[in-house]
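Heads up, there are several structures right after this.
Shared chain: chain A. Partners: chain B in the first complex, chain C in the second.
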Partner chain A sequence: MSRLRYFVRRTFITAFLIFLVASALFLFFRLMPGDYTALLTQQGMQPDQIARLEAKWGLNEPMHIQYVSYVTNLLTADAGQSFRHGAPVWDLVKPRIINSFILVAPAITATYIIGGTLGAVIGKYRGGLFEKSSIISVSVFHSIPDFFLGILLIAAFSETAGIFPTSGMLSTRTSILMQGEPFYAKFFLKEFWMHYALPFATITLYFMQYPALIMRNSVVEVSDQEFLHYHRLKGLPQSKLLQKLIRHASLPVITLYPISLATSISGLVLIEVVFNWPGIGRLLVDSVLARDFPVIQFVFLVAAVWVILGNFVVDLLYGVIDPRVSVEGDGE
Partner chain B sequence: MPTDGKVASVDRRRLLQAIGAASAVGLAGCSGSGQDEGTTTEQETDTDGGDGGGDGGDLGERVPTLTFQYWSDQGPPTVLFEETISTIQAVTGDIGISLETMPMTTAEGLSAVSNDTREFHIAVNSHGPSPGRLDPNELLTNYSIDFAGANGDYNPSNYASCEFSELAEAQSTVGDPEERQSAVDDALSVYSADLPFIPTIERPTTAAINTDQVNSIESGAAGLNDVHWAALVEAGVSTAGGTDAIVANLPTEHLTSSFYPTVADGDSMGLYTSLTHNPLLMYDSDYELTPVLAEDWETSDDGTTTTFTLRDATFHNGDPVTPEDVKWTYEFLRDQYHDGDYQWTSLPESLSVEVVDDSTVAFNTDEAAPTLLTASLSIYGVLPRDPYVNAGIEDNPTDFDDPMIGAGPYRMVSYQNQQNMALEPHDGHPVYSPEADILFQLYESTDGVTRAFENGELNVAVALHPEAGQQIEESMGGNVQIITGVSHLPFGVMPQMSFAPGKFIEFRQALSHLIDRQNINETYAFGESETVTHCTFHSSAHPWHNEEVLTEIAGDSADVDQARSILEDAGWGWDDNGNLHYPPDAEMEAWPQGEEPDPEEFPCLG
Partner chain C sequence: MSVTNAFKNFKESDYGIVLLNTLRKLLQERITKFAFVCLVIILVLGTIGPAIAPYQYNVQHREDGQLLRYAEPSLDHPLGTNDRGEDVLSRLLYGARTTVITGLLAGSLMLSIGLFVGVTAGYVGGRTESFLMRFVDFIYGIPFIPFAIVLITFFGAGFYTTIAIIGLVLWRFIARVIRSQVLQIKQRPYIMAAQAAGASTPWIIRKHILPNIANMAALFFAMGVGLAILEQAGLSFIGVTDPFNPTWGIMLRNAHQSGRVVEAWWWSFPPGIMISLTVLSLYLLGRGYEGTSGDDEVVV
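What follows is the complex of A and B.
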């Protein structure tokens, strides 16, 4: 199979997967007990009003009609209208995706750089106190629930030391003043970075275990491989040897990085809640509690698409990262 | 005296049963709580010779493990629900029953009750304190027999009583306020004796003000909370210590894409009504109706016309508030409610608003509309016609660019959906003169609010758990004012009356005696709330509360002996292992599962 055919085939499979996920989301949310109108009932809305809203939202239509309009709308980039907020779902979700990305992408990237470096060092100099203390440290940080780690950092650095604010992306006043500015304008404010520090540190410390331990094991494994002995016997300088070791050992970590990035964007709900970070996770919690199906479906879909595309990109880049990896029939 | 209530209940029922026996129209089916008849029969059988009582002789079916459902997604109230179940669980062994819990989301729980699915025996939750429930009509309607059974309508206990339902309906058309109070009292008297809702403690409200940054305020019984901000505007709140603005939190549900009720929800309206979009009259911090944009009002004797004299007031864009604006606002909302998308305030279909002169408007209806003032005009603010029409509200009421102009004491200067909102004082308000800007920031977590307040990022915190109030007081000492109040609806327990054991009045009475209200008050509210020992869905601060007509249902503490005695007197018994049993041959269902109350059993449905 040529690389082009492989690429086209993977693209179709990816698109089909996304379609399957979208359909499954539609089905699962319709099968779940309870709905948004039940909340309206609790607030006192009368049955005839609810019936009218259901008609307006199309909830009184048969399931297959709802499904067809759902898929049709998605294909035309219309994610529907939030029951609860009365706004287009995309308008609600878009700024949240950006906010989550701003937090997660640099934090996960930093995690892999710092964790990978740490793993390489403890793999190279294994057996000592440094290795033991490093492994224990990253394991302890990961064994604490992420939200609780966040609360501990707030208690230490906000409430006790008074260095960082407890929550938000900016102070309320600054956030209001920045309304209408491009999203990147906040990056030039010191205040943003002060708000950023603790959630960033929480994610970095929590996820450090993966790259550190995988890199350590990989370094240990690659150190014993014959090609390194060959280079050593060739008299290659130590720095060059180390470079080759790290290059080969980092492959599993590099493979894991985009997958971690993809899964974490939707998996940091509690960190966003603890730090009152206006990201996609917080919106998801609100929407789940309110049974706001259009928003939940779309957020889940975005998260699923993110993961699927992450895997797609990793698959395609495998061959580039590691020349030993080839598609079936490659080179025939 | 707890027993007084029971005696009163039995007397009334027996009287109606006597009428029923002698009446060809079968009024027995309207005996206040039709579900109780099976038990009463058994009680009589028992008295006639059975020995089912406490000696383990003639026993009915064993009472199964009782499932207590509660809403798991309500924030601080969920803690209260769990603690309520814990206090009951502590004594259920003494009465021979076991208990299990079933957490559900609010939506799931409401759906299960509305469809009478009978997945649980008792619902431990609450009536949401939406502003419209400051008038009793809505909850009286919800508890009516038309809403009971598997019909998708929400009757919190599936309570089916013809007597109550007829009285509940009657009060809704009484125009004279004093006569209506009497009609409401009659309905609530029957309700209270039948015990479809077992209140526990008042729902406390807790707020905190950092007095280094904001000057302290006086508040009425309502306190200061996320749906009722009257205390803030009444006090003309101002900043202190060089602080340039008040920064307060809001729960996430409040900032929707528009304040307009075709888009916003019931809770949000309390915020806007208090601060930015004042109505003609509104509830103050003592839950009393007070004139705001109207100077005064007068209702005709037959209740069909209410005439308002307007004050000199201006909207936030500088335009005067005119009778034409008032007419347009409420007639448009009337049309939206009956034919369109307006969701919350039930304006009468026959409502017409007449411009009498430059400062007078008259609201006319074909029949008396007693809830017009108390549940409609006081809840939703007056809008300026032209800006809203120009924004396209008439063409598309659910999707227009909301100009967010009202005539409240605060003017909106910034609004970011689902993030924050900035308000500044509006000079043209005829009653209130606030001094400081208010910035609202949405917070997802109540713990996050506490941390932000303690760290100085917020200087007003609302919707706090009582424990958080105490924690803040301890950590900040004299620099904080804790404002406690009482919501207009209390917490409580809703036994499902469509099937056993909730269908039996004696079980509901016994359950009420098993609740240690004082303990709940101490553990949840740190003693800051009040126990509720009379059956009602109103709090003591509710404007329609009248304790004289209510039945006392328990004391402050749990009384297991009293609970056992009530059950024993009604023919319930215990086996040798101490397990509680129903009376022999007790009917287990008030109506079959999946169905609605039977018109043959409940003649008012015929």
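What follows is the complex of A and C.
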């Protein structure tokens, strides 16, 4: 019962936060110096188009009515028209969200699997040259800015060795051919995976530090705990012992995984810019340089929702993974 | 009071003793020694860099009336020239100054806000604490780079605007850790004794809490400076900061956009290596501190 209440409470808080961010964005973009309609005209819109937009968004109405129409439009996934492309913002952003997600979700997952394994091995064989060198190397990869790491990989594997293409998601020819196909059609092309390899590797190398170091510390800590001594004295075989150790030690890493997935959106912007990957980060940067406000506003909302939802999932998972976390009495 | 006197007084104060002890412990490890030397060099370059730079950073060099583009390293131009015929070494040295300013200013801002929020939340407790920590949670929810991009589109791409945005958002991790540290210290007997003797809260914080977290604060200052430098480089690379300010991030951006990362290696690699080296040194110092404080923590 209390778990259900916790869930409902969290859902409400999450919905409220998203609403708050959307409202803040509205305020920000309307209080901006300069008239919103004047901005539209500057971008070369026809008077009748402007009149239609004004009617739809209630731009001639007082602020609070504008706000209501903004919220109702958002609820129907209508975020207005892009200044630059003239297309509805939602149509522009939707494929970009998918592109970002298919890059970042597998990459962060791989980071956690590889990094966690590495951390466990470091924690098991402590105190040697291996420990020192692996800790230093993961720290080095995290100190190189992610965009410079990307540049280095491009320089080494694309421009010098010529194995992978330098940027983009598909070659121009293929992307024209693929128009109208569903988004998963490109997964069957070798070309897509060649484009995919370098950004994937960049993310994996850059974010390796967290899971590796945390897993290492956790393994070291759990190794000293009494229940493991007990199992050892009981005569449990090595493999079973290891299994128990890993199960307990991986808790902090598992809880960190969704958080990393949520916050990676920030680093993703830079990686998408380096590799010219057509995701939302790239779209945000392009829109900022072109001062395409409706798109900026909506992409930021998407990024914020991404983080908020990620934290929501983390909060729910905490209770399920770690029974020591009690959900009862939360804030009461 | 003269400078030597002030220095002597600082050395004998609580903070001075704590900081000097930490530094002494830190410098026992070879790798932290290396990091420390790197940082000192970068700090010196940031201070005197523009004075020892062979040219102005924005002078376009010409040879026989032709713009000297992509010149290879030579005695005249030790790190060659870039796409506009500017001397790369000079730009690198000027960039050291902007990097040092960014790091120190944004780092101090992060440390002050983080310390204030963390100590208040940890020591005062109760409603204040839960309110402050909820606020920290909220700040944690901000996706930094997109947020900074949006703010910069509003407030313009000034050098100090960027620093302010970095400092005003990224203090969050400092506040969290300082708070948990203060919570531990608060339980110690001497604090209770001071409270029982009727000491005021500000006095306890100044006399007992702050000296005890001074080394930790110094560590987070180092980490914060590293983070600030990374984020500033990232924002410069995206192209939303002041393009006329020669930062290392801007140099990387120009090199990447020209598509000559490999051919003009003298232009593209040095700024990236400098950023990486600076940030790595700062992180290594932080990790090294963790090593001196606990026996089982990560020691590099």
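A few points about this structure:
What we mean here is this: the second predicted complex is superposed on the first by the 287 of 332 C-alpha atoms of A that agree within 3 Å, B and C clash if a C-alpha of one lies under 4 Å from a C-alpha of the other, contacts with A are read in each partner's own complex, and residues count from 1 in each chain.
Just so it is clear, a residue touches a chain if its C-beta (ideal position, glycine included) is under 8 Å from a C-beta of that chain, and two chains touch if they have at least 3 such contacts.
As the structure is a computational prediction, the values presented were derived from the model and not from experiment.
Using the contact criterion defined above for the overlaid structures, shared-chain residue A:Q66 touches neither chain B nor chain C, since it reaches no partner. Contacts of A:L289 after superposition on the shared chain: both chain B and chain C are touched. In the superposed model, A:Q49 makes contact with chain B only, not with chain C. Looking at the shared chain after the overlay, A:T174 reaches neither chain B nor chain C. In the superposed model, A:P278 lies in contact with chain B only, and not with chain C.
Looking at the shared chain after the overlay, A:N217 reaches chain C, while chain B stays out of its contact range.
Shared-chain residue A:L92: touches chain B; no touch with chain C.
Touch criterion met: A:T263 reaches chain C, while chain B stays clear of it. In the superposed model, A:T109 lies in contact with neither chain B nor chain C. Judged by the document's definition of touching, chain A residues 151, 154, 159, 273-274, 285, 289, 291 lie at the interface with chain B and also at the interface with chain C. Contact residues on chain C toward chain A in their complex (touch as defined above): 31, 141-147, 149-150, 152-154, 226, 230, 233-234, 237-240, 252, 256, 261-262, 268, 272, 275-276, 279-280, 283-284, 287, 296-298, 300. Across the interface of their complex, chain B is touched by residues 33-36, 38-47, 49, 52-53, 56, 84-87, 91-92, 151, 154, 158-159, 162, 165-168, 171-173, 175-176, 179, 272-276, 278, 282-283, 285-286, 289-291 of chain A. Contacts from chain A toward chain C in the complex involve residues 17, 28, 32, 132, 135-136, 139-140, 142-148, 151-152, 154-155, 159-160, 213, 216-217, 220-221, 263, 265-267, 269-270, 273-274, 281, 284-285, 288-289, 291, 296, 299-300, 303-304, 306-308, 311.
Put simply, chain B touches chain A in their complex at residues 73, 104-112, 114, 128, 130, 132-133, 138, 142, 152-154, 244-245, 247, 252-253, 256-258, 262-267, 337, 341, 343-344, 346, 398-399, 414, 416-420, 422, 439-445, 447-448, 451-452, 454-455, 457.
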